[in-house]
Amino acid sequence: MEKVTRIGISIEPELLAKFDQFIEKQQYTNRSKAVSDIIKKNLITDEWEKGIGTVVGSITMTYDHESGGVIEKLAELQHTNHKLIHNSTIVRLDEHVCIEVLIVQGSPFDIKELADKVQAIKGVVHAELARCTLK
Amino acid sequence: MEKVTRIGISIEPELLAKFDQFIEKQQYTNRSKAVSDIIKKNLITDEWEKGIGTVVGSITMTYDHESGGVIEKLAELQHTNHKLIHNSTIVRLDEHVCIEVLIVQGSPFDIKELADKVQAIKGVVHAELARCTLK
Amino acid sequence: MEKVTRIGISIEPELLAKFDQFIEKQQYTNRSKAVSDIIKKNLITDEWEKGIGTVVGSITMTYDHESGGVIEKLAELQHTNHKLIHNSTIVRLDEHVCIEVLIVQGSPFDIKELADKVQAIKGVVHAELARCTLK
Amino acid sequence: MEKVTRIGISIEPELLAKFDQFIEKQQYTNRSKAVSDIIKKNLITDEWEKGIGTVVGSITMTYDHESGGVIEKLAELQHTNHKLIHNSTIVRLDEHVCIEVLIVQGSPFDIKELADKVQAIKGVVHAELARCTLK
């Protein structure tokens, strides 16, 4: 289905042994997937830092819904930025605290700015950006 | 509503000026929130690294739904770990790629292990863990 | 000697208690230094990422001196970039491996590029950039 | 001289193209070195986090030598921990600020603790730990 290219890599036996231990612990079934994932992770960081193109990801936040005005401010911020936000999912963790996740897509710059604005809202305990890539 | 303690901090004027610029850029409305957020961020890292207690967060992943068996494997992994997972939200980004976010709660160790297992599944392009805290 | 400004910060008592535990563990003698350090750490990351101004830091590397040509290549690279490098210190760790540290000063971009070039040299096991600031 | 093992890796053509661009920018002369370096970087993080074995690295700090007692406190701390410290190199950057680098070797835990103690000293602007590995 997917096309793959086969490349040969020279690696020190000792490093390979350590890497094989590592990927076994992480429950990889083969080295190719493990090597590809590490390479991808590296490139995603680069892609987000350079800020070019369109990326996807999520913004996860926790807050106390009773903390003055937090719900209204989050709603307003999300409406203003609705073009960046696919959807929002909320779980009520106890009487006070909830966790909300926005699935986002857009330029790295715009998404980082949105995450900063979420964090700056009074009542938001913590906001965390997860950086992914489309391909 | 929320109780707060007032503390005094001595800070070099130059550092304060730079920090004020920084928090203005991030659209904070006051310094107390900005300082509290930075402190919290530091402690969350520590909490997750030490691996004690119960934390919340999310696992964001992208994958091609046609990549052999990825949907079945993700379903099985999530059922096995249903006690760690509050819910799962999916957005179909195009004909092939989708982004899925799990909202998770449990011990840092168990959640990291789950994120590793998601990443190791064939067909998962990238999985990213967002670390938050309940309070 | 140093001028300091005194600011007041409102913080949740629970967060303050956790932070006080944290700074006690790190052996801080007072909160002001701990808060200032966290703020500074945040700003340094920002300064290096934006790439403006002059920064200082170090590039630490380990290598096997017998690995073909590594010493000559490192010498050449350092001469070409002598304006970025204050000095170089070497410790011979055993019959084969040594650790070398360059103290560097310049634009964040130039220093990152130098660190990348060090890492890319055949025989260099690992190169690591430590990002500091002048003030 | 060095023994290497040759392994085959299956990788998506698109990812490979991006990676080749990336390693060209970093001035790698071949893919094997680039892949090995990324793998190594991943394992070093793991090694330091698990805290097992002996690692090497450096602690880089900047400080104002006139800031009350900083020199005496740094000297005392270094003598107490002389078994962890190979040497110390200082560059005077201007009339006030200097940068000092300690080359260190020992258990990850002891070295992190030493770096924390350096940072906590009054007068130390910033301390940064560079994590390397012997092999």
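The first chain written gets the first letter, and so on, giving A, B, C and D; residue counts start at 1 in each chain.
The rule is short, and it goes like this: contacts are C-beta pairs under 8 Å (C-beta built on N, C-alpha and C of every residue); 3 or more make two chains touch, one makes a residue touch a chain.
As the structure is a prediction and not an experimental result, all values here were calculated from the model.
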Set of chains adjacent to chain B and to chain C:
none
Do the two copies chain A and chain B share over half of their interface residue numbers, or under half; same or different?
same
Chain C onto chain D, rotation angle from CA fit, given as a multiple of 5 degrees:
180
Just curious, how far off is chain B from chain A if you go by their C-alpha centres, in Å?
8
So, in whole Å, the Cα centroid of chain A is separated from that of chain C by 26
Residues of chain A that touch two or more other chains: which are they?
2, 40, 135
How would one label the connectivity among the chains shown: line, ring, star, complete, or other?
ring
Provide the residue numbers of chain C that touch chain D in the complex, in ascending order.
1-2, 26-29, 33-34, 37, 40-41, 44, 56-58, 60-62, 64, 66-68, 86-87, 89, 91, 93-94, 97, 99, 101, 103, 105, 116-117, 119-120, 122, 125-126, 128-135
Give every residue of chain D touching chain A within the complex, in rising order.
2-16, 18-19, 22, 31-32, 35-36, 38-40, 42-43, 46, 135
